[in-house]
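After this come two complexes, each holding subunit A, first together with subunit B and then together with subunit C.
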Partner chain A sequence: MKVSANIFVISLIFLTLFNILVSLSIGPVHIPLNQIVSNIVLYSLHHDTNWTISTILFYIRLPRIVLAVIIGMILGVSGLITQTIFKNPLGDPYLTGVSSGAAVGAAIGFLVSPFLVPVLAFIFAMVAVGISFLISRSDGEVNTEMLILAGVSVSFLFSAVASYIIYLKIYNLRGVLFWLLGGLYGATWSDDFYLFATLLFIFPLIIYFRRELDIMLMGDEQAKSLGVDTGKVKTITLISSSLVTSIAVSIVGIIGFIGLVSPHIGRKLVGESHRFLVFVSPLIGANILLVADTIARSTPQGEIPVGIVTAFIGSPVLIYLLYRRRKM
Partner chain B sequence: MIEIDGLTVRYGKKVAIENLTLRVKDGEHLILMGPNGSGKTTLLKALLGTVNFEGEIKLNGRETKSLSRRELAREIAYVPQIFSTPYTFTVREFVSMGLYSLTREWWKEDARIDEALDKVKISELRDKTINNLSGGELQKSIIARSLVQGSSYILMDEPTAHLDIKSVMEVLDVISNFRDKGTIIVSHDLNALNKLGGSVLLLKNGRAVFRGDKTDPLFKEKISETFDTRISEIADFLYFPLT
Partner chain C sequence: MKARSVAYIVVALVVIASISIIYVDSQKAKPKVESITVTDDLGRKVVIPLPVKRIVSMDPSNTQMLYGIGAGNLLVADTSYDWWPSNATKLPKVEMDNGTASVEEVVAMSPNLVLATTIQPLQIIDQLQNLSIPVLVFEPANISQIYSDMMTLGNVTAHQSGALKEVNFMKTTIQGIESKISSYPKVSLLYMMWSNPMYTVGPGSFIDSIISDAGGINIADNLSSPYPVIGMEQVVYDNPKAIIVDNGTPVTNISYFKTGNQAPLWHNISAVQNDTILFLNVTESNWMNEPGPLTVYAVQMVADFLYPQAF
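On to the complex of A and B.
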C-alpha cells in the first residue's frame, strides 16, 4: 500500500510536468516540444532566444499554466478538507457560501468598476462564509450539519442578490457569465505569486493535520475519545480552506467540479489515508485544471469559460466513480 | 480512581442523569445495566467529556473539565458499539489511531501495536482492511485500539452486541483478562455479567438504584424492579438447555 501510494504521488508529479510541457506547446502559435525545451534552457542561461517565442512562452502561456496548477491544487486541497470534515462525498470548497458570496461581489464590481471585481468578490465571499459560520456555532464549536444547511441557505440568499443585480443592472451579460464560470485569461506572474503564497499557507496546514483528518473519519465521538480536539481542527481547516478558496475565486472566478472530483479520484488511487491524499488530491486538481484550461483556450470558437470544460470532464468522471462504487 | 459527584446531565428539558455519585477503583470492572434511556450511554459520554454536565468528575484526583482532549485520552479509552465502515485503513493503521494522544510518530510504535493485536488474538489480521472485517474481528480491533492508548480506564458500549456466539465468547475472554485496567461496560447481556465478574451499577431514569456485587440478594430484587419484570421470567428467558 505504502509503496504503491508513493509511486502514485511521484507519477502525478511527472504527469503534471508532462502536461505543463504539452500545454506550453498548444495555442494559436504551435511551439514544438524541442523548441520549448531549448528556449527554456537558453533563457535560463541568459542566452539570446527567439523573442516572439520567449514572450509567448514566458509571459503568456507559462504564467497562465502556473496559475492553473496552483488554483487546481488549492481547489483539490480545499475540496478534500471539505469532504473529510463534513463526511460528505458531495462536499466542495464552495459549500460554505464562497461561490454565491463571490458572485454578489463580482456583480457589484461589474456595476461599479471592473477593477474592483476581485476585491469585492473576495470581501463578499468572506461575508457569506462568515454568516454561515456564525449561524452554525454551537457550544463554541462548529456544528458541521448546521454549517451545510447554513451554507446552502446563505448561498440561496446571495445567489438571489447576485441574480437580481445581474438581471436588472448589468448589460455586459457575457462578461459576467464568463466570470461566473471561471477563466484563467489575463494571468500574470503577480497573480501566480499571490496564489502561490496562499497555497504555501494552506498546504503545510493540511499536512500538519493529516493525522487528525484520518482519525476524524471515524466520527467526532471516537476522534474526541482518541484525543483529537475536533472543534479546533474543524474551525482551523474549514476557515482556512474557505479563505484560500475565496482568494482563488476572486482571481479566476468560480471554477466548479475540481474540488469535488479530485478527492474522489485520489481516494480511488491511494485510499482514504490523508497521509497520501493531501498530496494526491491537489496534484489531480492541478492536472484536471491544466488540461481543462488548455482545452478552454484552444477551442475553434476562441476561448470559452474553463468552468464549462471542467464540468464536461468532471461530471462523467464522477458518474463513473459512483457507478464503480455501486458495483463494489 | 474515578470519582463522580453530583453528576447531572440534561438534554434540553429532559434530565438524562440526575445527581449521580459513583466511585470506580483502579482495575475494577463495573457493569452498567438499565433499561433503554436510563442514562448508561450518557454516563459514558459525560466521562468522555462529549456532553455538557453539572457536577464533578475526577480521574486520579484531576477534574476532567480541566483536562485537554489529549490528557483525557491518556486516562480513558473508549470502545464504541461496532459500526460499519467503508474505509480501507488496515487493522494496523486503525489500531495506531489509539496512539494519537501519546505520539505523532506512530509508525515508530509497531511493537506496541503488535503487542495489543497479540493480546486480543488478531495478529494475523494486521494487514487486512477494516471494511473487510467481520463484526467480531472489528470489535477486537477496536479493543486493541483502546489498549494501545495506554489509559488506566476503558469504557465499553455494548461490546458484545451484534456478535455471533463465538465472537461474544472471544471478546468476553479478552475483556476478562484485563488485569491492570479499570473498565466500565454498558451491557444488556446477562451472560457477559456472569462471565466478567466485578460489580454492577443499575440505572433507572438517570438514577442509580443498585451498586454492588451480583451475588448480593438485593441484586435480584433490584433487577426485576428496574426492568419491571419478574426474576423468574428473566431466568426462564435466559435458560437455553443445550444438553
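On to the complex of A and C.
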C-alpha cells in the first residue's frame, strides 16, 4: 500500500508536468508544436524570438497555466481540510461563507472601480468567514456543526445582497457574471507570485498537521484522548484554509467543484490517510483545473467561465464515485 | 303589499329597458375596428388596432426610430435612458430601476402600442398583450433591419412617407461613406466592451455590422457568439490596426495600453504603437449601441476613425 501510494504521488507529479506541456500547445491561436519547441529553446537561450509567438507562450499561456496549477492546489488542499475537519463528504472550501462574501465584494468592486475587485472580494470574504466563526464559537473552540449552519446562513445573507446589487445594476456589471463563475483570464506572473506565496503558507501547514488530521478522523473524543488539541487544530486549519481560499477567489472568482471533488478522488486512489492525501488532493485539483481552464479558454464561442467547465467535468466524476461506492 | 309588487315590476321593467337600450346602442356604436397585423423582430405576429394614437417606448432605440420617421408626437411615455431628441427626455418614465417595464405604469398611460426590445422579459410582453395592449419587439441586428423596422413603424403609425424619407436618407448617407472608403484596404479592429474579461462583439451583434459597414474587419469574427470574451492571445496574434474602447469600461485612456500591468502584451500591437485607439464618449457609445436613425453617425464615426485620409 505504501509503495503504491508513493507511486501515485510521483505519477501525479508527472501527469501535471505532462498536462502543463499539453496545455501550452493548446489555445485559440494554433501554434504548431515545432514552433513551440523552437521558441522555448531560443527563449531560454536569450535569443531573439518571434514576438507574437513568444508573448503568447510566455506571457499569456504560461502564467495562466501556472495560475491554474497553483489555484487547483490551493482549492484541493482547502477542500481536504474542510472535509476532514467537518467530517462531511460535502465539505467545500466555500462552506464558511467565502464565496458569497467575495461575491458581494466583487459586485461592489465592479460598480465602484473594477481595479478594486480583488481587494474588496477578499475583504468581504473575510468578513463573511469572520461572522461564521464568531457565531460558531463555544468555550473558545470552534463548534464545527455550528460552523456549517452558520456558514450556510451567512452565505444566504451575502448571496442575497450580491444578487440585489447585480439585479439592480446589471448594465454596469458586465464583468461580474463572468467573475461569479470563475475565470483565469488576465493571469500575470505577479498573480502567480502572490498565489505561490499563499500556497507556500498553507501547504507546510497541512503537512505539519497531517497526523492530527488522521487521528481526528476517528472522532474528537478519541483524538483528545490521544493527546490531540482538537480545538487548536480545527481553528488553525479552518481559518488558514478560509484565508487562502479567499485569496484565490479574490484573484480568479468563484471556481466550484475542485475543492469538493479532489479529496474524493484522492481517497479513492490512496485511501483515507493524510500522509499521502495532502499531496494527492492538491495535485488532482491542479490537473482538473488545468484541463478545465484549457478547455475554457479555447472554445469556439471565445472564452467561457471556467466554473462551467469544472462543473461539467466534476459532476460526472463525483456521480461515478458515488455509483462505485453504492456497488461496493 | 300591492304597492310593493308594483314597485318591483316597475324597477324590473326599467332595468330590462335600460339594458336593451344600452345593448342596442352598443351594437350601433360599435364601429368596424380597423387593424393591422405586422411581424416583429422576434417573429411574433402582432395585431394592432388602428389608429395608433398613444405609444409607450421601452428603449431609446425605439424612441429614436419613432422620432426619425416623424411620429415622435405619438409618444406618451418612455425611459430614463432616453436622451435623443431632447423632447423625449421630458416624457413620463415607465421603467423600473433594473430597466424592465413597470406594467402598472405602462397601463396607466393607456397606450394603444408599446415598443420594446429583447431586454424586456417575455412575461412582461405577454402580460401587456393579455391586457389588449399590443407590443412590438424591435431588435435590429444590422442596418437593413433598421430600415425594415422603421418601415413597419411607418405603416403602423400612418407615417409611411416619413419612414421612407428617413430610410432613403440613411441609405444615401451610408452609400456615400462606402464609396469614399471603398478604394482603401480594410482595417482590422478590436472593439472592447469590457477590459477584463475582454468582452467584445462577435458575428450577429449590431455593433459588428456597423464595423463592417464602416470598412473594418472585426478580429472576433471567427468566434461564434454575438458578445464573446476574446482571449488576449488572439488579440496578440491578430494584431489589430485599430481599437475602439466603449464608454463605461475601466479603460479610459491610452495609459492602460502603454503603462498598465498588461502593457507588455499590448506594446507591439500596431493600434497601440500608432495610437489608433478611439475612446468613445457617452454620446458616441449611444450611437453604437442604439440601432436607429442615429446609426448613420456611428458608421460615419467609425469610418472617420479607420480612414481619416478618405474624408
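Throughout what follows, the second predicted complex is superposed on the first by the 318 of 328 C-alpha atoms of A that agree within 3 Å, B and C clash if a C-alpha of one lies under 4 Å from a C-alpha of the other, contacts with A are read in each partner's own complex, and residues count from 1 in each chain.
Keep in mind that, in the parts below, a residue touches a chain if its C-beta (ideal position, glycine included) is under 8 Å from a C-beta of that chain, and two chains touch if they have at least 3 such contacts.
Fair warning: this is a prediction, and the values are worked out from it, not measured in the lab.
J.: For A:51 in the superposed arrangement: first (subunit B), second (subunit C), both or neither?
T.: second
J.: Comparing subunit C with subunit B, which touches more residues belonging to subunit A?
T.: Comparing touch counts on subunit A for subunit B and subunit C gives C.
J.: State whether A:303 touches subunit B only (first), subunit C only (second), both chains, or neither.
T.: In the superposition, A:303 touches subunit C alone.
J.: Report for A:228: first if it touches subunit B alone, second if subunit C alone, otherwise both or neither.
T.: Once the two structures are laid over each other on A, A:228 reaches subunit B alone.
J.: So in the superposed three-chain picture, is A:130 touching just subunit B, just subunit C, both, or none of them (first/second/both/neither)?
T.: neither
J.: Considering only the touch criterion stated at the top, classify A:273 as touching first (subunit B), second (subunit C), both, or neither.
T.: Only subunit B is touched by A:273; subunit C is not.
J.: Shared contact residues on subunit A, subunit B side and subunit C side combined as an intersection?
T.: Touching subunit B and subunit C on subunit A: no residues.
J.: Touching residues of subunit A toward subunit C in the complex: what are they?
T.: Residues of subunit A touching subunit C: 27-29, 51-52, 55-56, 59-61, 113-115, 167-168, 170-172, 174-175, 178, 183, 185-186, 188, 190, 297, 300-304.
J.: Sort out for me which residues of subunit C touch subunit A in the complex.
T.: Those residues of subunit C that touch subunit A are 97-99, 193-200, 202, 220, 223-225, 228-234, 236-237, 239, 248, 250, 261-262, 264-265, 268.
J.: Spell out the residues on subunit B that touch subunit A in their complex, using ranges where they run on.
T.: Residues 45, 48-50, 52, 68-70, 72-74, 76-78, 80, 83, 85, 87-90, 93, 97-98, 100-101, 104, 106, 145, 149 of subunit B touch subunit A in their complex.
J.: Under the definition above, what is the set of subunit A residues touching subunit B in their complex?
T.: Contacts found on subunit A: 1, 139, 211-212, 214-215, 217-222, 224-230, 271-273.
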